[in-house]
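After this come two complexes, each holding chain A, first together with chain B and then together with chain C.
Let's look at the complex of A and B:
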């Protein structure tokens, strides 16, 4: 039994063979950015709890060119996350019927993308009204 | 039959993914680009007293807690399942690292947001 070495098909780089798989892996990779942004926000709340000096240190860190560049890349990844999230929504959602007719996948994607655009505009508008 | 915990992780994944899809881009832009550079919003937008009262208000507290915890549970679930696609089959270890990490982030978020008071 211990001598048995079953054949394991190598799977290095399988996803690079097909653009469809590449898109899949890029979509999955956006999770790294979502996690990183959660940690950035957590660092903020931890600093906020420690007091004003810590909070200002966190703000100063956010103002460094490296942080700005990182956030620009994170913004691109976050936008791709939003796009791909609604792109695959027709497959992740149970089949929807409205008035006895099946809702088309393209409709689901379009409604999702419009909702994301509206949520973005509303968030920016709320921030604008709350500015000091 | 023992009930599976999978639906719970899946719901957290879905809720976090939806929240990130709707509000992620705007949040990253505001906290990481607009306010630090002072474009569109002034740098004082996130000064200590303003953010402290934001985090002390129940709605602000709920928003921050929801964003941090749902984002991290979404990411942990997705990363855990992607490891399999990369040929990493470390079942219990990978599961503990992914969900455990999300658990630690959750605890720290709860602690820091309760430490700022009401």
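Let's look at the complex of A and C:
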């Protein structure tokens, strides 16, 4: 008879065991905030389609203090999500070569972050120019 | 001189999670006070315990120089090779040592690795040439760029730290896991190899790459600079391509 009695340790609360896992869970959780903001924009588009009254009601809702606070929180979550997303990006890409040299992971992350920042600035500039 | 004498008198507390199946229903912590010098690894601390304090303590080790992959364990909660982690890093704090996470504990710091060994074979981790070659045909030629596609993945020493770092493996051990998938990629990415079609069913399967949620800790803990997270995620692209290309290019019969 075998004396073996392998012991399996439970996985309860695994994501609290290491700060690395906590950051991972925050990255995954902030993805929900990205989805939530898409819903806010979708609601705006639907209101626009329904006519001027609905559109103005949606705009008025956005101007309430609760909405502004929510948007600030969503902004913070979105920035963290973008950062963590580009941080993991080198892991998801095939090996890249430029001019015969392998592109470093940190370069990929940096290029991604700069591209995201530029896209944001361009969007803000366009919105500022087109404001009524 | 005075300094070296006082250095010898330093004593660090090492708490080991012990499990003796004939004696305990569940693992229990046991503390030891171990005198140490600056050049002593955690493994040497454990050897001191076994030689001088408690001969019943069980742990695996062999080479003492980070190449055999036997002495991986959780050191203060992080998967590390005990031979290349030093006691001085933790002093004056204490040290908590536990068997590698996500594996069944057989005894003290010894885990059962049968699951990993079975998975290793399933990845066919060897070169499968396109056709048999004779010695007269000479060696394979490879460019530096072709070498770079797989070289880092060939540094794996099967130490299992990446498995202890992977919560997806911990939650569901059916997942093939980072180490084996990195080795699988090491051969698929090798220009001399032609076994890709034989390995893709494992990549595509429910136990394959899609179980990975890109936590990325596997690459962080690897003592040999392998990037398993990259291997796994590159193969999500390959798996998706494989899925869509079958409509354009039907596979040969029986594959």
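Note that the second predicted complex is superposed on the first by the 122 of 132 C-alpha atoms of A that agree within 3 Å, B and C clash if a C-alpha of one lies under 4 Å from a C-alpha of the other, contacts with A are read in each partner's own complex, and residues count from 1 in each chain.
The rule is simple: a residue touches a chain if its C-beta (ideal position, glycine included) is under 8 Å from a C-beta of that chain, and two chains touch if they have at least 3 such contacts.
The structure presented is a predicted model; accordingly, all values stated were derived computationally and were not measured.
> Given the touch rule stated above, what does A:39 touch, chain B (first), chain C (second), both, or neither?
first
> Is A:102 touching anything from chain B or chain C once the two structures are fitted on A? First, second, both or neither.
Second partner only.
> Taking the superposition on A as described, I'd like to know which of chain B and chain C A:111 touches: first, second, both or neither.
The answer is neither, since A:111 touches no partner chain.
> Look at the residues of chain A and decide whether chain B or chain C touches more of them.
B
> Pick one for A:11: touches chain B only (first), chain C only (second), both, or neither.
The answer is both, since A:11 touches chain B and chain C.
> With both complexes overlaid on chain A, does A:88 touch chain B (first), chain C (second), both or neither?
second
> If you stack the two complexes on chain A, which partner ends up touching A:22: first (chain B), second (chain C), both, or neither?
neither
> In the superposed arrangement, which partner chain does A:52 touch: chain B (first), chain C (second), both, or neither?
first
> Name the residues of chain A shared by its contacts with chain B and its contacts with chain C.
Chain A residues touching both partners: 11, 15, 28, 92.
> Mind pulling up the chain A residues that touch chain B in the complex?
Touching chain B from chain A are residues 11-12, 15, 25, 28-29, 31-32, 34-35, 37-42, 44-46, 48-49, 52, 55-56, 59, 62-63, 67-68, 70-72, 74-75, 78-79, 81-82, 85-86, 92, 112, 115-116, 119-120, 123-124, 127-128, 130-132.
> Which stretch or stretches of chain C touch chain A in the complex?
19, 21-22, 26-27, 77-78, 101, 104-106, 112, 145, 148-149, 167, 170-171, 213-217, 219-220, 227, 229-230, 233-234, 236-237
> Show which residues of chain B lie in contact with chain A when the two form their complex.
Within the complex, chain B touches chain A at residues 14, 16-18, 20-37, 40-48, 50-52, 55, 64, 67-69, 71-72, 74-76, 78-79, 81-82, 85, 87, 105, 108-109, 111-113, 115-116.
> Would you pull the chain A residues touching chain C in the complex into a rising list?
Where chain A meets chain C, its residues are 3-9, 11, 14-15, 17-18, 20-21, 24, 28, 88, 90-95, 97, 100, 102.
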